[in-house]
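Each of the two complexes below includes chain A, the first together with chain B, the second together with chain C.
Moving on to the complex of A and B:
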């Protein structure tokens, strides 16, 4: 067929620039750099600080899956993150579950919570969607404040990290770091795969032009809901890992300001870029860490950076770099 | 199989007391190109949105292919082969031209909920997508982001995307709106070509466009059917002339 010949001729150049695992060449380079940084940094920097970055980076990537690829701004992602932390912490401490099971349970509960919440919220778009997610997250906060298993104001403390697969003792920070790095990279690759899958194509179509996607016969609510549940589940995994790293799960994890923080991270890094939220999380956590001596001024400085980002480089740090290099990152 | 593919009865849409579409009875013959025309504000686009279920009607019934679709959702109607275009060119701006068509072709592989599978499984659709792009003269643009296309090309892409679904019936909302003369001619010949073996309902503001294209024309004015017939009959109708030329201020100003 004549059409086939033309098609293959026109398609071929694209296959040349393919990297691996569906990464384009620039993305493949960025991913290798990311892996190298993750592998080398614990020998140079304090591992607990790095683990915090990795947990929040995964959280931000999960959040970005919704805002960046479906165009849904959730303002209640702390609910899934915090619930993941509580569930992982409780099962590890009270029931003595091994860390891999606790973390996965945190993710499962995050996803299970995301199902009804998402089902309700996707009925509306824009600011109404954000407000519904916030309201539902506030209900989770109240639940966590009252429920006996969360320890109320004290939270769950002294959560044991346990022994991974019954073999690796995670009590040392370095051992825990490698698990965290693995969870982060696995989550990151999963999100990359979701974005670059047949499903991801439909998501991007919905983000770009929802009425048109409907007119092509796509039942858009179902796609939004699946994306929401995946995002909530990954946020739960991030929260569960964080609980084991710091040995605590507290109300801070479900507080609305945590939802705000993840918005900030994604914005600073670059919405709709796979790598942006990682950079954003690193920037924000580093700031919080090194500016901690300024006390409440951290918030003022964060606010200033947020304003600077929105005014000066709207695409975020990585978004601007990708734009300047004319590549997708 | 009945001769009429799309049929409405007493179709009415009111917006807070304002009657945009009033008691419209429309019958579209299978395999025909049917024009829905009228001056600005005649209710064409509202009528169009009712037919594609993007708006719920206040009263009346819509039957498509012998089936009552009045209570259906827009995505369900699309799945029955009744596919619409939009007045504002509806492309996915951040997807490439090829991906735009491919997203429509993806519908043939089912739900596409497989988020664990690599995008490369869609490569099998690229051949068909390129054929469709060739059909509308967009082969050279395959790798370009759809948002960067010139306006006329976007309309062409939209038609290619619509055709990717292999629709039974096409509903085109002002396919030539805002186009240059050469583009208008290209789209007219394209519509003629794609109408082979399908039914087309076309909303148009421009009488000239429908003259060479449509088998049957329904003229709307102030939300109601004013006249119906072929171009010669409709254009000779004094009521239609009045509505278009504005000799009767009551009709010319209607609907604003």
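Moving on to the complex of A and C:
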């Protein structure tokens, strides 16, 4: 495989792990900007819209953990996202579980699903890995279509948001927003921490030169599998949070087009960048919001963005900015 | 003996349906394998091009009065030409990059095509009648075989064998196989390899469109008819491995048949059985049944 790889299109990570929480200086500034935006925006914009962005931003970051740092393109992440949504929705509605437990259960089931699927998929790399993850996710889709607890075509509706820790009533959008913001930032920092741990360094070594990592004595399958399970679990948490925000979990969440959407978000923002998926999620969700009335044109435009990104814009929005500023973001 | 005949009467239609599905799996995975062999690109647009084949057949009939037989030849040519355009303008720019970019690009193309058709034709299916010559059925004694279904299986077999013959037994095919192994060397011998890649893509796409025309009278003609189909075909490709042309043909028919059998034994499992088989194959032979590691 000659030439530019997906991972090398992103800015190469440098090795300086310093400063605050493993952030380099530009990243620390970007992170503070991100926190400020998350804190201020609900007073300026519609909170439900912002919560949608945050859920998808976490989903895209989870996806990016695999493609950006292990070099594995999963085309089936909707399975973990959608399963997380169904489980959180079902436990919150049918069993009356509190929101924090429902969301964590969604993440746990996402991770539990990621374990066998990842175990199967990492036997192949590259294009095959993408096709296998897509096929396995389609299996989950058919399962959700037939299983009784998912409500079939109707999905699970009227999911209660409940009371956080038995103290905070989440029925107001503002209260729910702060929970979503917390989940997003915690997930984001967790991913950042994973990537900058010794474990993350091995992942990058595998991405850049797998035979060498093997010859150094690393069991690369184990590393890949753990990364896959973490990614799936975080996708499940994103899905579970989404289910509580919108009070609904449907087949859309497990459909292959959802897997495509998260790929698009990461691609637009910048594959392999830390903040790129967040920017990409914001761009795509905003676009969908404005184009909702145009029906199938959303599909055409999303496809066109895919094509434009691949042909001319492989670094993505944040990748281009980082490249221009000669920093990594 | 009596009970066997009763069993066959029940089973045969489902098995035929399985074979018909298998015919489409074989045609589509064959096209994917041909394109992948030469271009190293997994053509995600394949499902959309299958759908376009069916739609072009419908358009030829409704707008130009050209019937099934004309469409069987014209639709693959038209859709193949669109494929050539896509390869020339977009895919050919990606050969030096990671193969995953080809996957992402063709996925984008699939979204654009499906979206455009949805805009113009909505999401409900359009009817396409079985041609007069192929209506009715044949009584085989133990079952009634609808002529058109038999025709689809027959045409798929013929088309697959023809493709196999062209690639494995003709001079053009030998150029193609040589260019797959060593493109630079073949180019040095004066063969125009880039043009060969373009035409290979066009041919693979034409194969998908041909399958689309065959499918038009069986499934309703709708914009999303290819999208879910192609994911199953991906699983078929993983099971077969893309190493051999014959391998993808055999795997396609086999899995369609297995699906038919599953429909007979335990219907809810029929849609997912292919994915389970994929999982088992990955565990035992990760390179696929006919693949080279």
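By definition in this document, the second predicted complex is superposed on the first by the 310 of 329 C-alpha atoms of A that agree within 3 Å, B and C clash if a C-alpha of one lies under 4 Å from a C-alpha of the other, contacts with A are read in each partner's own complex, and residues count from 1 in each chain.
The rule is simple: a contact is a pair of C-beta atoms (placed from the backbone, for glycine too) under 8 Å apart; a residue touches a chain by one contact, two chains touch by 3 or more.
Computed from a predicted structure; not experimentally measured.
By the touch criterion stated above, A:247 is placed in contact with neither chain B nor chain C. In the superposition on chain A, contact is made by A:226 with chain B only, not with chain C. Once the two complexes are laid over each other on the shared chain, residue contacts for A:73 go to chain C alone; chain B is not touched. By the touch criterion defined above, A:196 reaches chain B but does not reach chain C. Residue contacts after overlaying the shared chain place A:216 against chain B, while chain C stays out of touching range. Legend: residue contacts after superposition of the two complexes on their common chain; A:286 is shown touching neither chain B nor chain C. Shared contact residues of chain A with chain B and chain C: 1, 3-4, 6. If you check the complex, the residues on chain A that touch chain B are 1, 3-4, 6-8, 10-11, 13-14, 21-22, 193-194, 196-202, 204-205, 207-209, 211-220, 222-223, 226, 230. The residues of chain C lying in touch with chain A in their complex are 42, 90, 93-94, 96-101, 103-105, 107-116, 118-119, 227-228, 231-232, 234-235, 237-238, 268, 271-272, 274-276, 278-279, 282-283, 286.
Taken in their complex, chain B has these residues touching chain A: 52, 54, 73-75, 78-79, 83-86, 90-95, 99, 102-104, 106-107, 109, 111-123, 126-131, 134, 139, 142-143, 161, 165.
Looking at the complex, you find that chain A touches chain C at residues 1-6, 73, 75, 120-121, 123-124, 126-128, 130-132, 134-136, 138-139, 142-143, 146, 256, 260, 263, 267, 295-307, 309-311, 314.
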